[in-house]
Amino acid sequence: MSPLYVVLFLPLIGAVINRLFGARLGKRASAGLACAAVLTAFAFAVSAFLGLSALAPAARSVVTPVYGFLTVGSFKIGFDLLLDPLSAVMICVVTGIGSLIHIYSVAYMEEEDDAEYARFFAYINFFVFSMLTLVLAANFMVIFTGWELVGVSSYLLIGYYRGKTSAADAGKKAFIVNRVGDLGFLLGIFIIMGVFGSLDFGVVLPHAALLGAGSGLATATALLLFMGAMGKSAQGPLYVWLPDAMEGPTPVSALIHAATMVTAGVFLVARCHAIFELSPTAMGVVAWIGGLTALYAATIAMVQADIKRVLAYSTVSQLGYMVMGVGLGAYTAGFFHLLTHAFFKALLFLGAGSVMHALHGELDMHKMGGLRKKMPITHITFVIGACCLAGVPLTSGFFSKDEILYMAIAGPHASLCLWVVGYLGACCTAFYSGRLVFQIFYGKPRDHHAYDHAHESAWPMALPLVVLAVGSLAVGLLGLPKFASSWQPFSDWLAPVFADVKTAPEADGGSLVYWLMLLYTATVAFLGWLSYQWFAKENPKPTALAARWNGLYRLLWNKYYVDEFYQLVFVRAFLGYSRWLWRWVDQGIIDGAVNAVGGFAQHLGALLRERVQNGQTRQYAAFLMAGVCLLLGLVFIYGGGR
Amino acid sequence: MGLLIFTAAVVANFAGMIGASAVLGPKRRNAVKDEPFECGSLPVGPNRTRFHIRFYLTAILFLIFDIEVVFLYPFITIFRNELGLYGLEVMGIFLLVLIFGLAYEWRRGGMEWD
Amino acid sequence: MFGVGFVLALALAIFSIGAFGVLTRRDPLVMFISIEMMFNAANLALVDLSNYLKLVQGHALVFFVIAVAAAEVAVGLGIIIAIFRTEKDVNVDHLSELKG
Amino acid sequence: MGLNDILFAIFSFGALSSAIAVVLTRNTVHAALHFVGHLLCLAVLYCLLNAPLLGVLQVMVYAGAVMVLFVFAVMILDMGEQEHAPLFNSAGQALGAGILGALLLGLLAWGLGRGGLDQALAPAGAASLPGVETDNIAQVARSLFREGALTFEAVGILLLTAVVAVMVMAKRKLES
């Protein structure tokens, strides 16, 4: 009974109980149950983490079988769990941040009635369970199951407000787009099964070379797996579902669309790095898609009015950075950014949630302003989060993001223009995070009515904010750049997992790193000042600027018309095709055949009644005679003498 | 062989008589002679009067009991010396059944001639 | 000169004529007569073969056949007359109450 | 060409022609009379085939009683000159009947002609039976009452049912 059983199945039990008996339990009990489940899971996760660290670095990968799922001849798949440094970090992140968000949503979902309240907690617990399945998977089958479960739970949570059609549509959109990604992932799994004859990581990853280094097959497998990652982590063409996923309640956005689920794609790439290493082309594709998505999403985030939309696009762009990092072969850096991002993005979302809660659901930034005095705690924590996001020096964001940018130049697959794209993205990030802070908390309050109501949120919402703020600062210290401190806990911790990766020649980059650091500090400072000028004070400049470059502004505002484009190309074409299919194939052939049979039977019956049994005795005699002839014929043909 | 001669003689005699009268007889036709002979009275109504049904009934019963009698002919030839009691049983049942039929018919008034 | 085959052929011919008669004539009585004719054809064949095989069972069978035919005529004619006394119409084709 | 054959030829031709006449005449009465002729010819044929008993029986029962009924029926139904309409009421029907008749004829002829007649007709067991002169009435009676006793009783019951049937029909007609 390894601790993993508890970590994994406790949230599931919580979810089941909440869902089945939730309404009767009442708010207190169901919330208590859910939080208890996740907290104990977190405790066991930490103990598992410590247990693993006790082992020698090389031996740090423990496979614990749970249930022999399927044995077909030589091919065997079991529902096994793998605990290695990578998954250990992930389970702590998932359960840790998960429990904070559980506590936060106890207060946040206060006004829902009992049944809905319990349903929310049941779904969130279920989500934690599915994310843990995904993270702890020891073979491709389990990871894919986790993949689907996470997709389902995100659908359920996005569509939580059943009443709102937009929420339901967003849920469907998320699910369908994920399915597209899953298709690629599944095809990848099939290829792996075909080549290796087994799905266990222990078997596949060490012998990845079987795919043929640099061969078409390797590239195809890698890209197909990456397609799954793109779907889940909202990269490249499949990012459209994430901004709409903001329809779900804010804790959901924080948990799923900031900290955990969206990182699944990066986790997958990190987990299967052996396969990706095989084909440089695949790595290049991954890196570039990551970089481009980062820049692209950052530009949109700059003009959005709704806080959650801005944060959503910022998540997409930060994920782009992680994918870029991983694509460049800097798995440790990419993963470190994942960790830091989980903390400060969850913080930002929860902050936005408490602002929204205070202003009774008001999300439009233009109506806010000057909340600094009204909501001190939220304000301070939000500022810390924004600094990490922007990459202000000494904050965790600074270390992790710049590590990736550094890798873009000095890494094994370095490419300068990719660094430029990354850098531009960083500038946009700095700009919109500044805008976020100053537009909400500084300047004069634009909407007095809302401003008067504003009040600091209750302790269950404030506490997680503080914890996350401290966490996001502390985490930064784990991955200080090489020259700063020899103490590299994070990369040492992940070293065994990525041991086989050709790590970058770190040492000589000393002087280059300095210059880069200086450059980033300067840009952040300048953009910070610029956003202060534009947004804190009532400055007409931004509107003027927007007016002058109206075309560009509107383009960004409408998200490059991507949604409309998808609607036109895919949805309408698909509907047309299915309508045609319905009319011709279904009605025409299938129904036609059935009716034909029915009609035929009817006619035959009528014919018989009309022609044959019509009372004409002589006709009966004729048939009799015909029968006699027939019999005679048969007798003579077959019978004959003895 | 004898039977054939006998039949031939019968046919010859019969044909001879009719043929002779037809050939020898005088043939003077007139309206009165051609009408069917009604014992002197003038013919009344269609020549084919409608028979009452009971005549038909008698005919059918005659047919059925005629068959009964026909079965008796061969029976008699071997009854006396060969069949003995067994023959009596067989014919007894047969006759009994038919007598029962007769009784039934009598009972139902098939015989009244009214 | 006239072997057993010839008489059989004759019986067969008569049987076919009887059948043909039943099929074509509309008048029930003629149909009935044709049926009797078929009976007789059968009898003729029986007699012919029993003569050929020197078997006496043939004759016994003819007895029974004639008995059955007679019974059949009795009942059949009874029915025909019963029907036609009420219908006043003799054509078989018009009688189709026992329709399917 | 003994006397026997001559008679045989005459009467078989007579039988055949009267049979055809029965089917083709318009008038029902004529048909009945033709049938009587047919029966008589058959009776003679029976005699020629060493079955005088049957011949007599045929004449007595069949020609006598059965045909009487027929004539009666014709009289009662007052049919007479019914058949003014063409013999067949539609070409199709005549054609069909013709085909069926021909088919039947062909099949039977083909059956006969197939040969193997003796083999087929001389059942293995029969040969062992003592071949008896067929015109011995005692022999016929013996087979009739010894072997066919059960059939004999069955015919008795058949006749009984016939009587009952006729009585039932007659009763209803008498009341109507």
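Couple of notes before you dig in:
Think of it as A, B, C and D in the order they're written, each chain with its own count starting at 1.
FYI, a contact is a pair of C-beta atoms (placed from the backbone, for glycine too) under 8 Å apart; a residue touches a chain by one contact, two chains touch by 3 or more.
Computed from a predicted model, the values in this text were never measured in an experiment.
Across the two candidate interfaces, C-D and B-C, the one carrying more C-beta contacts is C-D. Centroids built from CA atoms put chain B at 112 Å from chain A. For this pair, chain C with chain D, the centres built from the Cα atoms lie 6 Å apart. Between the Cα centres of chain B and chain C there is a gap of 21 Å.
Averaged C-alpha coordinates give centres for chain A and chain C that are 94 Å from one another. Shown for chain B are the residues that touch two or more other chains, namely 53, 56, 60, 63-64, 66-67, 70-71, 74. Multi-chain contact residues of chain C, defined as those touching 2 or more other chains: 19, 23-24, 26, 63, 66-67, 70-71, 73-74, 77-78, 81, 85, 93.
The multi-chain contact residues of chain A, meaning those touching 2 or more other chains, are 618, 622, 625.
With chains as nodes and touching pairs as edges, the resulting graph is of another kind, matching none of line, ring, star or complete. Listing the residues of chain C that touch chain D in their complex gives 1-2, 4-10, 12-21, 23-27, 29-30, 32-34, 36-37, 40, 43-44, 47-60, 62-64, 66-71, 73-75, 77-82, 84-86, 90, 93. Chain C contributes residues 63, 66-67, 70-71, 73-74, 77-78, 81, 85 to its touches with chain B in the complex. Listing the residues of chain D that touch chain A in their complex gives 93, 96-97, 100, 103-104, 107-108, 110-111, 114, 116, 119-120, 123-124. Within the complex formed with chain A, the chain C residues making contact are 19, 22-24, 26, 31, 92-93, 95-100.
Residue ranges on chain D touching chain B, taken from their complex, read 7, 44, 47, 52-53, 57, 60-61, 64-66, 68-69, 72-73, 75-76, 78, 80, 137-138, 140-142, 144-145, 149, 152-153, 155-157, 159-160, 162-164, 166-167, 170-171, 173-174.
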